[in-house]
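Look for subunit A in each of the two complexes below; its partner is subunit B in the first and subunit C in the second.
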Partner chain A sequence: MGYLQAIITGIPMTLLVTVAGFTLGAIGGIPLALARRSRFAVLRIVARTVIEFLRGIPPIVWIFLIYFGIGTGAITISPLGAAIAAFGVISCAYMAEIYRGGLSAIPAGQWEASAALGMGHRDQLSKVVGPQVLRVSIPASATYAIGLLKDSSIAYTVGVQEILFNADMQAKQASDAIVPFLYAALVYVIITIPCAWAARSLDSGLRRKVAR
Partner chain B sequence: MSLSDWAENYPALLSGLWVSIRVTALALGIGMPLGLLLALSANSPKKVLRYVTIGVVEIGRGTPALVVLQIVYFGLPTVDVTFSSFFSAAIALALTTAAYTSEILRGGLQAVPSGEVEAASALGMVNRDTLRFIVIPQGVRVAIPPLMGFAVLIFQASSLAYTIALPELMSQAYSTGSSTFRYMSILGLAGLMYAAITIPASWLTGRAERRMARHL
Partner chain C sequence: MTLPATRQSVAIELDSVVKRYGDHTVLDNVSLSVREGEVVAIIGPSGAGKSTLLRCINLLERPDSGRITVAGHAVDAGSEISNKELVAHRRVAGMVFQSFNLFPHLDVLRNISLAQERVLGRSRKDADKRSKELLDRVGLADKAAQYPSRCSGGQQQRIAIARALALEPKVMLFDEPTSALDPELGLEVLAVMRELADEGMTMVVVTHEMQFARDVSDHLVVMVDGAVLEEGPPEEIFSKPGHERTRRFLRAVLER
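After this line comes the complex of A and B, so read on.
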């Protein structure tokens, strides 16, 4: 049981990396999604390239690039900072694609009706379409956030003291290489499964509140 | 700074990339058939089998691939089951693949209209033949685009095998970086190599999706 207690102390750090990374992505994804469907071709291409590279390169490479690549230069970055920054930028790309999917799910009638009311493009986005996009994006975002929680275990490779890091410490101290990791798996499953159920019920609830 | 580093070190990274590709191929080759088995038993009429399978899949999907990897590589030897780092990585990724692809394939199998199953049984086909000739071929076809998307993710996840000292792309990049202290350029090159595979692969996935959408 000593193992489990030690592993549990890593939960706040896992949640911190996940929530901070996700929040950065949820905010940064908005301009990226808008740039992705901008009127200007250059902006569109730049946004698309950025998204493709952020999603196409494994998270561990991004963490190492930020921690060792940038961190050994002029500025030093803590492991936690590097992990949050890495998951933050990756999340920007994934969230931008989720928002883009949400945007295309909004019926053209919503744009037309708001234009008929004399709204400018900015108002259409911020008052009519935007709120609906956020709403249809919630289920996909929740699924992404759950995936991110599991991916946050990668932060252990640079020494962030989250769940897997603590399990690894226990494994080394007790030279028991299996039980601590099984407990770590249990802790992840216990956190993620209820989240997945909640996401599923959110999904069915929110679909009703969007125009079609 | 970069170009000379790249010219000097790209052979090591390329050999790492080849290991990454082989691990991914083996993981998918073992994992996807397992995933199909899990998908079939998750749809089974036998209640116990169904619940056990769903439980196994939920645990498999809830556990991070990195944790599975640690259990297979460091944990199993304590019960006298030892694999090389290559097979440990392949097995761990295969288990994750099985759990995730079973859900993808289950969706595909459920997309086969029930009228087809009824028609098959009206023709006197036994259940096994219905599955083999009617449901599986159509269900798997529907699942191809999401399976391709998942394969790209598993290729990326093969970078986790760096933690068990498998000489794949990530560990080659890291060990080169830590001997030259040129992390930025070497990791950058590794990132580009990953992207050179994943970006075209995700384009292909997108094309497969659009083609499939035309047939539905």
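After this line comes the complex of A and C, so read on.
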């Protein structure tokens, strides 16, 4: 039972990396998604290139690049900071694509009706289309966030003391190394199931309220 | 300053308006004049350019040539127009769409208040107060806190009318407002429109409701292939259409 207790102490770090990375992405993804459909071709191309670049590099490489790259320069970065930054930039790209999908799902009539009412582009985005995009993006965002929670285990490679880090510590002292990892697997499942359930009930609650 | 009587009484003036999509000419030199307080019905087959015409009037589409004047505000095709002018122009021309286009994430009251706050700069309190009056006027005072999805199509369209009226437009443009509705629900929308007309609102109504066109409109315009085929008093056109094409269209609509 000592294993489980030790592994549980990693939960806050796992959640911190996940939530902070996701939050950075949920915010940073907005300008990136808007740039992606800008009326200026240059901006569209730049945004698209940035997105492909961010997504094209594996998370573990991002973490190493940031931790050993920035970390050896003039400024130093903690393992936790590097992990959050890495998942943050990756999430920007993924969330931008989720928002872009949501944006294209909004009927043209919403833009037209708000334009006909004299609303400017900024108001259309922030008061009419944007809230609907966030709403339709909930299921895809939740799926992404749950994937991120699992990917956050990579942070262990630079020494962030999250779930996998603690499991690995236990395994090194254990007679049967598989057991701590089984506990880790169990903990991940126990965290993700209620997250998925909460996202689904949020989604269907909103759907009941505002569905067309 | 007093304007000459003829100018004063004109609410909408289209002067040789041309609109093309690529090499497809959708509006081919359309001229149209709507007097203040007049109700103009536009009928014609699908693809005739009726929606495009309405969308040009409130500048959702910019024409390729010609001039559009609404409530004394003239816009020439191809001229630069500031955002401020665009907003001013749209404020005086309220628009009601076939598919209602209510904002699904806002309750009914917020649907009507939003543009008052953002465009007219009204406080939330004042906007909501006005919205309630308008809801009352379209007979839906009890729906204020509902979401649009909880309302029938007829109710949604009446809410959309209230939303457009909230900006105190000088003219109202209706694009087949009852085409998406069951006949029964269409009637409650037509009743609201009839009331508006009685109160003296200037209206341009694209419709397939021949009864409405005949009873309520002062002037009937028949559009075919991006042009005005004929126009005149509705009674006259219905009883003796001047073109075989009009005759065929009327027969097709009435036989439905």
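By our rule, the second predicted complex is superposed on the first by the 198 of 212 C-alpha atoms of A that agree within 3 Å, B and C clash if a C-alpha of one lies under 4 Å from a C-alpha of the other, contacts with A are read in each partner's own complex, and residues count from 1 in each chain.
Here is the rule we go by: a contact is a pair of C-beta atoms (placed from the backbone, for glycine too) under 8 Å apart; a residue touches a chain by one contact, two chains touch by 3 or more.
Because the structure is a prediction, the values reported are computed rather than measured.
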item	value
Contacts of A:Ala174 with subunit B and subunit C, given as first, second, both or neither	neither
Which superposed partner A:Ile27 touches (first subunit B, second subunit C, both, neither)	neither
First (subunit B), second (subunit C), both or neither touched by A:Ala105	neither
First, second, both or neither for A:Ile45, with subunit B first and subunit C second	neither
Larger contact residue set on subunit A - subunit B or subunit C	B
Subunit B versus subunit C as contact partner of A:Ile154, first or second or both or neither	first
Partner chain in contact with A:Ala198 - subunit B first, subunit C second, else both or neither	neither
First (subunit B), second (subunit C), both or neither touched by A:Pro131	second
Residues of subunit B touching subunit A in the complex	58-59, 61-68, 70-71, 74-79, 156-157, 159-160, 162-163, 170, 173-174, 177, 181, 183-184, 187-188, 190-191, 194-195, 198-199, 202
Subunit A-facing residues of subunit C, complex	58, 60, 83, 86-88, 90-91, 93-95, 97, 99, 101-105, 114-115, 118-119, 147-149, 160, 163-164, 167
For the subunit A and subunit B complex, residues of the former touching the latter	52-53, 55-62, 64-65, 68-70, 72-73, 150-151, 153-154, 156-157, 164, 167-168, 171, 176-178, 181-182, 184-185, 188-189, 192-193, 196
In the complex, subunit A residues that touch subunit C	107, 109-110, 112-120, 123, 127-128, 131-132, 135, 209-212
